[in-house]
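Presented sequentially are two complexes of chain A, the first with chain B as partner and the second with chain C.
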Partner chain A sequence: MSSTKIHSLPAAPALPAALASLDALVHSAQDALVRDRSGARKVGYLCNYTPIELLDAAGVLHARLFKGGDTARAAAGEFYTQSVFCDFTKSCIGAFEQGDPLYKAFDKVYSFHTCATMKRAAEVIELFTPTRLLNVPKLRKHDDSRRFFREEVLSFRDDLAALTGNAPVSADALSAAIRERNALRRLLRQISELRRRALPPLSGRQFADIARAYYYVPPALLRPALEEILAAAGATGGAGAAAAGATPIRLLAAGSIIADGDRRILEIVEEELGARIVIEDNCAGARPFHSLVREDGDPFAALADGYLDQSPCARQRPFEDALEFSARLAEQYAVEGVLYVFLKFCACYGVVQKQFIERFNAAGLPVLALSSDYSESDRGQLLTRIEAFIEVLREKRLFAPPPAEPETAGTAANRI
Partner chain B sequence: MSSTFTETEKLRATAGISAAHTAAEQQPDLYNARDEHPFSPTVVELGDLARNWSLETIERLVREDGRRAVWGGFAWDSPLFRATDTIPVSIMELWRKDSHLAEHIAESDYQIPAEFCSMIKTMAGRWHLLKAEQSPIKRILAFSSGCEPIGMVIEHARAQGYEVHTLEGATAFRVGERSDAAVKLLAGEIAKAAEWLQGAPLDDDRLAAEIHLKNEALRKVARILELRLKRPHLVGSLPAMWLLGGTGGFFGNQKKFFEILDRLIAELEAAVQVPDNRPYLPLILAGGPPGGLSFFKLLEQNNAVLVGFVLLGTALYREDVPPREALAHYLFESQLRGELGEATGASALLRRRGIEALIEKTGAKGLISSAVTACPYASLVQQLERNYFRQQGVPIVALEHTVHNDPITEEQTMKIKAFLEQLTGEAR
Partner chain C sequence: MQHHALDITTATRWDYAPLRPVIGLDIGSRGSKGILLRGDDVFTAFVATGLYMQETADELLASLLAQSGETLDAVGFITGTGYGRISLKYETTPYKVVTEISCHAMGAHAALPETRTIIDIGGQDSKAIKIDPATGKVIEFVMNDKCAAGTGRFLEKAAVLLGIELDELGPVALEAKNPAPVSSQCVVFAESEMISLRARGERNHDLEARANIAAGVHYSAARRVKNLLGRIGIQPGLAFTGGVSNNPGMWRVLEELLGAQFQRPKLDLIYAGALGAAIYAARALATEAPALRAGL
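Here is the complex of A and B:
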């Protein structure tokens, strides 16, 4: 096995410090939500189709319910679901069952209905905390669907007003929140794009930890922290650094959610095998930051459109959009192979793995499909399979012409 | 003798699945089953009508008579299909034949992981087989509120060349929540679907007439189920399911179906004049029948009668609103009752309300909660109902089954028998 050190990039001293500061911010934001006694209402939400600009503007404390990776927590969810739900869904329920302080703190949970499994999870969470389900249209390009989603967004606004006892969020307040979240998306995208370099300054795991902050830390605190990371990471390496040594195998991780705390595959790929996840097509990675919400006109319509226009989950239609988005990411980040990671029982990505694999193969990319859960029992098997896959990619590289330097950050900023 | 093999036969041989072997091991599907103790020739006629309305019959109508047929449209949307002269083809047809082979194809050719339910795998594989056999039914009407596994399998069908039209989905999540926007959305989607189905705008008067007709059928079936409570041994549990299933498309013969309903009502009205004091166990079935025909036989042997069904109900469509909206209201109300299953986004948490109402109405002594193995949603419903009804003191047994027409397993048999014995003991 190749040593990890061959592919390590000496980080600029500021980067580890900036990442540590962000980590501290995440923990302090979670702690603040749990401990807050100001009377502010506390809201949890389940999916990144939730227009959180409204939560920002409504003045509630909020967090995404996407902790995962813990076997015991997933098992606790089985009291309600039996074993045939994905471990992520079981973990969402399990956290309530176990009395996780963050999850217990919420006054209300909102679930924008994406997959049926999450809808069911929301129905169970209702047994612990008041829960509201809202519709997310599937036909992302249809005008009627967009109009309907705007109505759901308005209904969300009204529900938040009832929860907080305040007047419904105004158009101006929402517009300001949209601008604020867009700024964060731009920063996160810029940070992600640094990974287009031949020697990426950030690992996939580091990016996953940066991205999770978006769902916990209030925008005003998050923005300077992201700016600091962008500056620090941008100063690390650079295009010329690739010449100094071997570059890591570049991988796309596509598929189901890789939840906050589910770092098993990232650890195996990057820390044990020295390859790099340079881009993710999943809803906890870079995907949600690839598009912005329109900043002009009716902000409620803009919000509805913006969330339907975002890089799509596979449940959205046309389904081809999800395939094409994934393939374009692979191209733009010049990946050499794809890890298609889907949670066991995840219908959105498990049932159609063949179509994703065929699309990647058509682009000349080898794919390793991994059916994953939160148990540790198959770690050895995973390690063996991923190691063999990476070895194949290394062999392939030996016999391939030298790759062109991937586009640097910003040169194709608006292509996806 | 011809030496040509059909595509299905070739695939069956490749997969090592023998048709004869499969047929010998399987039992007739629900519509091919026969009521062994029909109370009248009318029940026999009902069985014949159900049996003859199959995929093969519909394919023949398409080929020979130029009729239009589309996969879907068998439940809340059946009036739309009739109003557009389109024959609805129930997805249940996809596992009436070659279901094991279909499941094998789904896992091998489509790489659908084994952990998914037999229903979706059978759908993927059978659509593949039907394509290979050049079935003339090449269109699918999909509904976005259904579960994701079904939605994703439909994408496989689309990739195979099926023409798919998707209705935007909306779900009613809570009783009393405002639904104006959702009703408006769905009414628009219904109009678009009609255009796709027939290539012409929807005739609202025609749709209203079809809704009225379906309501008539539902009223008649409700009347039969009500009369059955007084003479439960006359129309068995299996024919009762045929009656409910028939309201979806009248088994392709509305006149005959209505005649049968009218005759059954008349026969039962006469029969109930004579009281029947034989003991029996009234039960509710929530979900599909676990173990198919053998399940019904087991019930009969143990004097148990299904008096309430949760999957397909007899609720009526509204006729006081424009017909497109009536379909939308019907769908949303069904979701809130937990009816029509995962294919239409029924509520898991609220299904128990419908069950409680049925228990009150029918005097049922127990609940059989049934789910397709590996269906996450149905398993959750079962778990919630098990927790809830045990607290309420309502006996419940949770059973799992596949969609294959395999006989009931020994384990299931023991479980059902133990449940029935427990109930019989309590009744004494």
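Here is the complex of A and C:
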């Protein structure tokens, strides 16, 4: 009688090595930004709606304000906010308050206005570092929005020129940067898609750690590292591996940001309970790599359109886009359940959980909604909830075996 | 305590007799419960949870073994659940962990087979669980956030403030003529609200004021639980489980607010989690430990 235990793959030696060297790159890139004395300007930015191709092309060193998961850092930020700010925005502020070397190194911070809380956070950050607010239209489909956002993109370009003292980024330089970022997005998407296999060669946590590199490591260094990971992960497992043992429960993690360092839920789901997050619909996972920026025509218009049309944050309208995108990912990655994870007090994802849950339920997918923060005190409760949810999904699998796994399902069914 | 299985269920038959004695341990944040199943016999034990979960579990185990005259070697499987489930370790007896959500579902199903909706209020959290009445399996559940509003801890705190024992709180609340408005859902704020309510109470009406405050506290906790239930809906076949389920005040206030009656169980449903755990242990013995069966 086969046990229900998840058989882990014999790790291909190339993959751990490739992941370790990417991790080293992430650290050295941050270190290089902190230590750089070349005179290059250093820029931090807040959201995924920041068209970083312009940062690449302007020759600035840059990184996303992306760190989270630390209780003390969030608490340091709360000194400036009310308690009803999410722990991520508190952490962005807290890192400045605590004098994090990376954050302290920035000459300027750019905040493309996404949610109200982030905008407020940027206004507090201004106490520490010069900050520029730019607008992102919510109404994607309006022509006015596109024209306006192109203007914002140009304004961003000019602000960078003033910051660096160089001529504004040219159309050619921007086009080159767009192609470079698109290449990275393609690679990241290909890496993510390896997780569509019945036995995913990468865990959700590993993918999250790969994705974060996009926000720290310069494209020229990142590309070969991603190619190496793609090759190594692609060679792991294979068709025979799925038949070797029971496959893990497959989950979509949808919702708000799971920041760099916020690994608590991923750890509980994957390391403690043996399930797998095979795809994310959040701005720290695979979502931002799903769409590309047009490579022809006016690159400034292409950049504006590309960012407005990217797989949407719940703050964008029409909101239906976000629901549809999430449901499509769930289907493509053949997930069995959804973890709807949102930071407590999240102004975007906290208030649309009902719509998301209904949309997933309509697709036959059970959803566990988890409101989370960076404290440790509720770890036991989170474990209980997630564990019970996975028990429900295992139970469900016994009665409705996924078509991809006839052999495993057969064994399971015989067992009852 | 020893029961015959048919004395703890409203069903007319008992389908859970294990191949060998099995044990379910529910290590809660405040109280720990244990059940030993042997044939059609059901043994129950309760101890307050200590600082060390393993010691608490061992106490339960010792009580169950003493009551049944069994030895640990004779026990075929142990299932742990509850807050302390992770901390337990048994060298020689097969052991597994099942969450209290699944265990409460199974326990309520075994004791009250018509159950479709469960309210479980424990020491530090409350849950609403929707179950499949055919199998006792969980369909959907919601759990309160990490604060203690609407949990046993909230009531415990209230009892201390009123200067009475926790098990008196419910009966005292039932005497209330005019429940006090306790609007705060937060234990800390409710505490200051209660202090000012007490301060306002006239001296010679102290007992009356106490009853009114106790009732107000129950309503405050119950409203919280009602909201939770609103998220999964109420289907008839309502069961109330967990440590707070033997509080008659909460029982009545919840029935009033929900406009629905709980089914009357024959077993004190603070044991629902332990019973469910024992049933999962019996199943695990039958399916996951074939080698042990072969050794019989």
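General remarks:
Keep in mind that, in the parts below, the second predicted complex is superposed on the first by the 395 of 416 C-alpha atoms of A that agree within 3 Å, B and C clash if a C-alpha of one lies under 4 Å from a C-alpha of the other, contacts with A are read in each partner's own complex, and residues count from 1 in each chain.
Definition applied: a residue touches a chain if its C-beta (ideal position, glycine included) is under 8 Å from a C-beta of that chain, and two chains touch if they have at least 3 such contacts.
This structure is a prediction, so every number in the text was calculated from the model and none was measured.
Overlaying the two complexes via chain A leaves chain B and chain C side by side, clear of any clash. In the superposed model, A:Q82 lies in contact with chain B only, and not with chain C.
When the shared chain is aligned, chain B and chain C each come close enough to touch A:S371.
Of the two partner chains placed by the overlay, only chain B lies in contact with A:H113; chain C stays clear of it.
Between chain B and chain C, more residues of chain A are touched by B.
In the overlay built on the shared chain, the residue A:E180 is in contact with neither chain B nor chain C. When the two structures are aligned on the shared chain, A:F345 is found in touch with chain B, with no touch to chain C. Of the two partner chains placed by superposition, A:E227 touches none, neither chain B nor chain C.
In the superposed pair of complexes, A:T384 makes contact with chain C only, with no contact to chain B.
Here's the short version: in the overlay, chain B gets within 5 Å of chain C at its closest Cα pair. Residues 371 of chain A lie in contact with chain B in one complex and with chain C in the other. Partner chain C is touched in their complex by these residues of chain A: 1, 3, 366, 371, 377-378, 380-381, 383-385, 387-388, 391-392, 395, 415. Against chain A, in their complex, chain C makes its touches with residues 83, 86, 98-102, 125, 137-141, 143, 145-146, 287-288, 290. Residue ranges on chain B touching chain A, taken from their complex, read 110-113, 115-116, 120, 144, 146-149, 151-153, 155-156, 158-159, 166, 168-171, 173-174, 178, 181-182, 184-185, 188-189, 342, 345, 347-349, 374-377, 379-380, 382-384. Every residue of chain A that touches chain B in the complex is listed here, in rising order: 79-82, 84-85, 89, 113, 115-117, 119-120, 123-124, 126, 132-135, 137-139, 142, 144-145, 147-148, 151-152, 155, 314-315, 317, 319, 344-345, 347-348, 350-355, 357, 369, 371.
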